[in-house]
Structure formats: C-alpha cells, structure tokens
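Residue numbering begins at 1 within each chain, and the chains themselves are lettered A, B and C in the order written.
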Amino acid sequence: MTARPIKNSIFKGAVIVFSLIAITPILLIIYELVRKGYKQINISFFTEVAPSTWDAMMANNNGELIPGGILNGITGTLLMVFVASIIAIPIGLITGIYLYENAGKRYANVIRSISDILQGSPSIVIGIIGYFWVVKYITNGFSALAGSVALAIMMLPLIIRSTEETLKMIPQTIKEAGLALGVPYHKIIMRVLIPTSFSGLVTGILLALSRVIGETAPLLITALGSPMVNFNLDKPASAVPLLIWEFYNDPNMVNLIWSSSLFLVVFILTMNLISKKIAPKKN
Amino acid sequence: MNSENITKNILFVTSLIILLISIGMVITLVSGSIPIFKEFGFQFIYSTEWDPTAGRENYGALPVIVGTLITSFLALIICLPLAFSTSLFIAEYYKGSIISKIIGTLIDLLAGIPSIVYGLWGFYVLRPFIVQLGLSEQGYGIFTSSLVLAIMIIPYATSLSTEIISLVPNHLKEAAYSLGATRLEVIFNVTVPAARSGIIASYILAFGRAIGETMAVTMLIGNRNAIPHSIFDIGNTMASVIANQFGEAEGLKLSALIAIGLLLFLITAIINYLGKLVIKQFS
Amino acid sequence: MNSSIIEIKKPIISIQNLSVSYEKGKNAVNKVTADIKKNSITAIMGPSGCGKSTLLRAINRMHELYPNIKTEGKILLNDQDISRLSLIDLRRKVGMVFQHPNPFPSMSIYDNVISGYKLNGIRQKKSKRDDIVEKSLQDVALWSEVKDSLFKKGNFLSGGQQQRLCIARALAFEPDVILLDEPTSALDPIATSKIEELLVKLKKDYTIVMVTHNMAQAARISDQSIFMYLGDLIEYGKTKVMFTNPSDKRTEEYLTGKFG
C-alpha cells in the first residue's frame, strides 16, 4: 500500500537529480573557459594577429603570456558573416514571406520541407558544397567567399522559418486593414507586416547569426584560414573558430585556445540572450 | 503588369532559390560520388577496407557508417534520461517557477556553445577523466565522443518535448488525480501518452543532430577507419572522416568522401523527415 | 425566390444579381439584388454562414482575397461598376471596419489615422495631415481622449477606443460608404453603445452598411434591414416594418429566435 507514494517520491528525486546533471556541463564548460581563458584576454588579443609558433614557443619557455591575438580571426569572421548575411537575409526574409502568404499551397509545403531538410543537414556537407561551388569554380582556391556562401546556406533555412513563424503571429485582420485601405500588396509587406513583426524578424536573424558564428567544419574546407587580416573575398580568410582549431593543433598555442573560446562563447551567448530578450512573447 | 503581380513574382522567384540550392546540392554530391560507385559499385557501402595507398586504393564506408550510428545511438541513450527529466522538471514538476526558467535558460545556452568548444572541453577535461577511470588508455574513442554528443543534443531533445509536455491540458491530469492517482502515475498514464509523439519527435531530431555533428567528434573519436570492437574503442564517423581527410583528398579518395557526404545528407534528411512526420501526427 | 424588396431612389450602391462562390456549384451569395440608400444605415442580418459577410466584402472587393472565388453579377457604386475601378479608388470610396479592432501595431495613433494616405504614398502637407487626424478623431469622439498621446502606439487603448480608432482610420480617407463587419461583437456593452451612437451620428455624412449578429442592435440603429439565409436575400425592407411585420416566415423565425 505504501509502495505507490514511495515510487512517486523516488521518481521525483530522480527527475531532480538528472535535471541537475543536465545543467552541470554548461556550468563546467563556462567555468573552464573563464578559468583558463581570462589571462590571455588583453588589448593585443583584439588588435594583433595570431602569433607564429616560434613566438608562442619562446613565450611559453620564458613563462610569459603568448604575444599576439586573434585579430585575423575576428576580421575574418566579421567579413564572412557580413557577406553571408547580405546573401541570406534578403532571400530568407522574402522566402519566409512567400511561405506565409501561400501557407496552404502544395509548392509552399515543398519549399518548407526543403528548408527543414537543409536546416537539418550537417554543416560539413554544406562545406563540401561551398568547396565545389565556389572554391573549385569561382575563386579557384580556398576563399572567404566560399566560407560566406557555406554560412549563407546554413543561415537561409533558419531565417526562412523564423520569418514565417513570426509573420504567422500577426493577426490576419491587420493585413485586411491594410487591404481595406486599398494599399498595394508590396506596401503592406514593407510597411505593415515587416514593421509589426520587426522584433521577431531580428530575433530570427540574430539566432541564425549566432548559429553560424561558431561554425568550424564548413569553413575548414572553404575559407581554410589565413595568418593575416584579409578583406579580400577571393583569398583565404581566418575566423575565430578556425583559429581555435589551429591553436588546438599546435601544442605551443594551448593558452590561446581558451581565451579565443571564451571570447567566442561569450559573444555567441550574449547574442542569444539579446535575441531572447527582444523576442516577441507568445500569448 | 501591376505592382501586385510584380510583388507576387518577386516572392515566388526568390522562393525558387532555396529549391535550386537543394537540387544543386544533390546534383553536386551525386556527381561527385559517381567515380567511387563506378569503381566499387555498392560494395563501397558495405566494404570495411580503407586504403588510400596509390595502386591498391580501396575504399569502404561501412566503418564510418557503423561508427556514426553507434556514437549517435549511444549519445541518444545517454541523453534520454537527462532530457526527459529536464522536460518533466520544467514542464511538470516546477512549471512556471523561477528555477525552471533558470534551468531552461542554461539548457538553451548549451545549444549556443560551438562544436569546437565542446571538442576542446572533451579533449582537455573529459578525456583525462576517462583515462583516470581506466575506461580507455588514451581517453579517445566512441564513448568519449558519445558523452560529449549527448551533452550537445540535450537542448534539442529537451526544448520541443518540454513545450509539448507543457501543452498537455490540465483537465486531463486533474481527471486522473481525482481518481487518486499519484503524480508519477499521472505522468506515465496521462501526460506522457498525450505528449508521446512530440517527445519521440524531439528525440528523433536530436538523433539527427548527433549524426551530423562534426568538430567535437573529430577531436575525440580517435580517427581510425575500422569497425570499433567496443564502445571504448576508437573509430571514425562519416562527418569526422570528411573533416579530417577532405583537405588533402583527390581523385578516388575525394569521391569516396563526397559519397560519404551524400549518404550523410540522405540519412539526416530521412531522420528529419521522420521527425517531422511524427510531429504532424501529434498536431 | 419571392423575396420582398423595397425600392430605393437614387441608390448609392446598387447590387445587381450578385452571386459569389468559393466552391463550384455552391453559392455563398446567391443572385442577390439590392439597392443601398444614401446617408442611412443598412444592416445585414442572418444566421452564421448565410453569406452576409461575403456580401459585405463584395462591396469593396475584399472577398477577392479568398482563393478560388467566383463572382457573377455586378455592383454599382454611384453608377460605376466597381469591378472597373482600381482597388485603391474603390477602397478609398468604401472604407471598412472589422470585427476585431485592428489598428496597425507598429504605428502611432496619429500614423494609424493617416495610414490610408501614408501607405498609399499620397502626400499631404503637414498642416493638412494634422487637420485630417484631428477631424477624424473628433468624428469618432476619441480626440479628447488621445490628443496628448497621438504619437504613442495605440496598444494602451481599450478595445472600444481601438475600434473607434479604426473607424477614424476609415473616415480619414473621406469615403462615401463605410462597411462594418460585426463591429461591436468583440466589445463590451458600454463600448458598444458608444459605437452605436457614433454610427447614428455618422450617417449624416456617410452611408453605412453593417453586418450584425445582434438583432437588437439592428433594430436600434439601422434604417433598412436585409435578411439573408443560405446565400439568398430573403427580405429587405425598412427596419421598423421588418421587425414588426416580417413578410417571410424565415425572417420571422429568425427574429423571434427560432434559429440562428
């Protein structure tokens, strides 16, 4: 007779314990990044390019901080994310609007399914695509453009779906109010739908950005990496995650791994939190 | 043509872009895979050989396919109790409380951590721990990768199932309580059955994530193209073999990697599609 | 169909043999003929699904938004076939107010009132705009309540105030006709009676056509009533006559609450 309440309590205890286990890794990871990473974060970390192995080794041997920083990574990330945004944001928004406007139609359902499949496809596969479409045929070598295209393909489905979902939250009658005033279709989109759902659209874009900023795999086989600051789209470029990968493969650079990761994670998590903050509340 | 139609056409034509991208992706992957299938036929899929030596080149994808499935399954199994408990914690036991919001936010943050940072953490923190436990000599391998993957997919497995569990109407649960059921019994006889397909779908989608995950696995799995003998053995996954070997690959080997990319794309597409189907059943 | 129809001299709107269908072979509005009297309130009543909203929306061609719509017959507005008018011209002349208050959430109160001009790219001097906004808000008795917060977004307004704002938005365009689709069904009784008062006042300058579920409302404020059933116009007459002495059995049953 008492078995049932006991089982009930045991299960509740297990739920609490497992939930606490589930949140431990994020705390451990952030703790590790801060503990090992904060030392290397200083002005030169943001203003200088990554050091050579030799410089890093000398510094390590003398017990000094590794000189240099991740400027080439930051500029590369900014460049590629910027170009990817220019490609993906307009296409994503417009396709999202299309899906919203044609919700029940067969073709729209196909586009939506394709977008979902693309969103689920592994980033390394999208890297292969960037390699074949851009590295091989357009820039004839690893390039920032190839990286941007790969990132843009990753951003597209995220923006498409968030745009559609955001627009769906606008009551149909708001659109009708515009139509009843005889307002042409494109003006209703530009001046009513987009402003009304603005914060939701921005949230979607920010989430898409924060998703691709940390991507390494697709850049590895498209942008490759570069020791210098490069704003040339048809030349290889670095990115913060690419630098982390390079530091990881170089035993002399270990200390820089943690500061770069700390920087990257703080950047992405801040973006995530901001986007959650401005996200429209579901009712 | 009036502005109405111009707008409609712009929307439609833009929506074609994502269709073309995905068709282009498939064409690129298929045409890149042709050489390897011409050489080895479908033996490529079930052969276990991987020998890039010129003259006796031989490529088989079975080890990486098996490696991928084992790591992802193991990750899912490790993740299940954590994600399920967290969903119940947030959406059932402490629904709406501050502690639930905190846990929810922390779980969401997990999704923001880049794959490469998980890899670093796994390499520098988890791997030594595995060695200490005596589970494996170097700490690399299937188990270590699965453990990190399990953490990485927690947010994907949790968010959707949490949402759906919290949607289970109260009057259903109250009916069971009024009959004297304990909370545990309500959860397993009312809540979970009502939310079943949503919960299953979120685990399917999380599994799809695990399959495509690249960097963290590449850094932890040990990178050996052979079928692993136990879960503590080293191995390779489809994504990690591409990330590792794409850079220097050409000829048949390149084609083999692209074919693996194609298989990876198809597998994740099918899994995602399945997940969506299950969700549809729910709604 | 032997429907009773009153004769109206010099109608502002003339609906002639209008049929609208969403599916093949099923008319939501079936061969309706009716003239609408200028500077009066005409109520369209009937049970759910009788086609009253479709009929109303046909007057400013909002019904064309639905997919696969087929329209036969015609509607004249001041003797002009509305299918020949551009949508903007038609909808300038025929304003519309919806069931749920729907001010544009991204715009201030001021911009909402003037939105017909703004969204259509019709330029106006600042002083003219100010006049339009003030006059429209005065007309809906909202001016004194919002004049200090014209440039705030309207989401702090009550439902009734928002609905009056939507009426002001329609009035700002100086239409000939205002269509209202159950304008008070989402409002409380006090807000409803304010809107009703307002409509009675507005008929001096405008022609009002409204769909309503609320028979008492139709009886209180309308001059003519149309009763529809299953897409057919059953009866059309002076409200007083129709409510006291309906000529069709179905009208009588509806008015006495036997169905609907």
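Remarks
Definition applied: a residue touches a chain if its C-beta (ideal position, glycine included) is under 8 Å from a C-beta of that chain, and two chains touch if they have at least 3 such contacts.
It should be emphasised that the depicted structure is a prediction, and the values quoted were computed from it without experimental measurement.
Following the contact convention of this document, no chain is adjacent to both subunit A and subunit C. Taking the mean of each chain's C-alpha atoms, the chain whose centre lies closest to the overall C-alpha mean is A. Distance from the centre of subunit A peaks at C, each centre being the average of the chain's Cα atoms.
Per-chain CA centroids place subunit A at a distance of 49 Å from subunit C.
Per-chain Cα centroids separate subunit A from subunit B by 17 Å.
Separating the centre of subunit B from that of subunit C, both taken as means of CA atoms, is a distance of 54 Å. For subunit A, the set of residues that touch two or more other chains comprises 184.
Counting partner chains per residue, subunit B has no residue touching two or more of them.
Within the complex, the subunit C residues that touch subunit A are 60, 62, 65, 86-92, 95-96, 98-100, 102-107, 115-116, 118-121, 166, 169-170, 173.
The touching residues of subunit A, counted against subunit C in their complex, run 170-171, 173-174, 176-184, 187-188, 191-192, 195-196, 198. The touching residues of subunit A, counted against subunit B in their complex, run 4-5, 7-8, 11-12, 14-19, 21-23, 25-29, 32-33, 90-91, 94-95, 97-99, 101, 108, 110-111, 113-129, 131-133, 153, 156-157, 160, 184-186, 189, 210, 213-217, 220-221, 241, 244-245, 248, 257-258, 261, 264-265, 268-269, 271-272, 276.
Those residues of subunit B lying in contact with subunit A across their complex are 3-4, 6-8, 10-12, 14-15, 17-19, 21-22, 24-25, 28-29, 32, 81-86, 88-89, 93, 103, 106-110, 112-121, 123-125, 151, 154, 158, 182-185, 187, 205, 208-209, 211-215, 218-219, 239, 242-243, 246-247, 257-258, 261, 264-265, 268-269, 271-273, 276.
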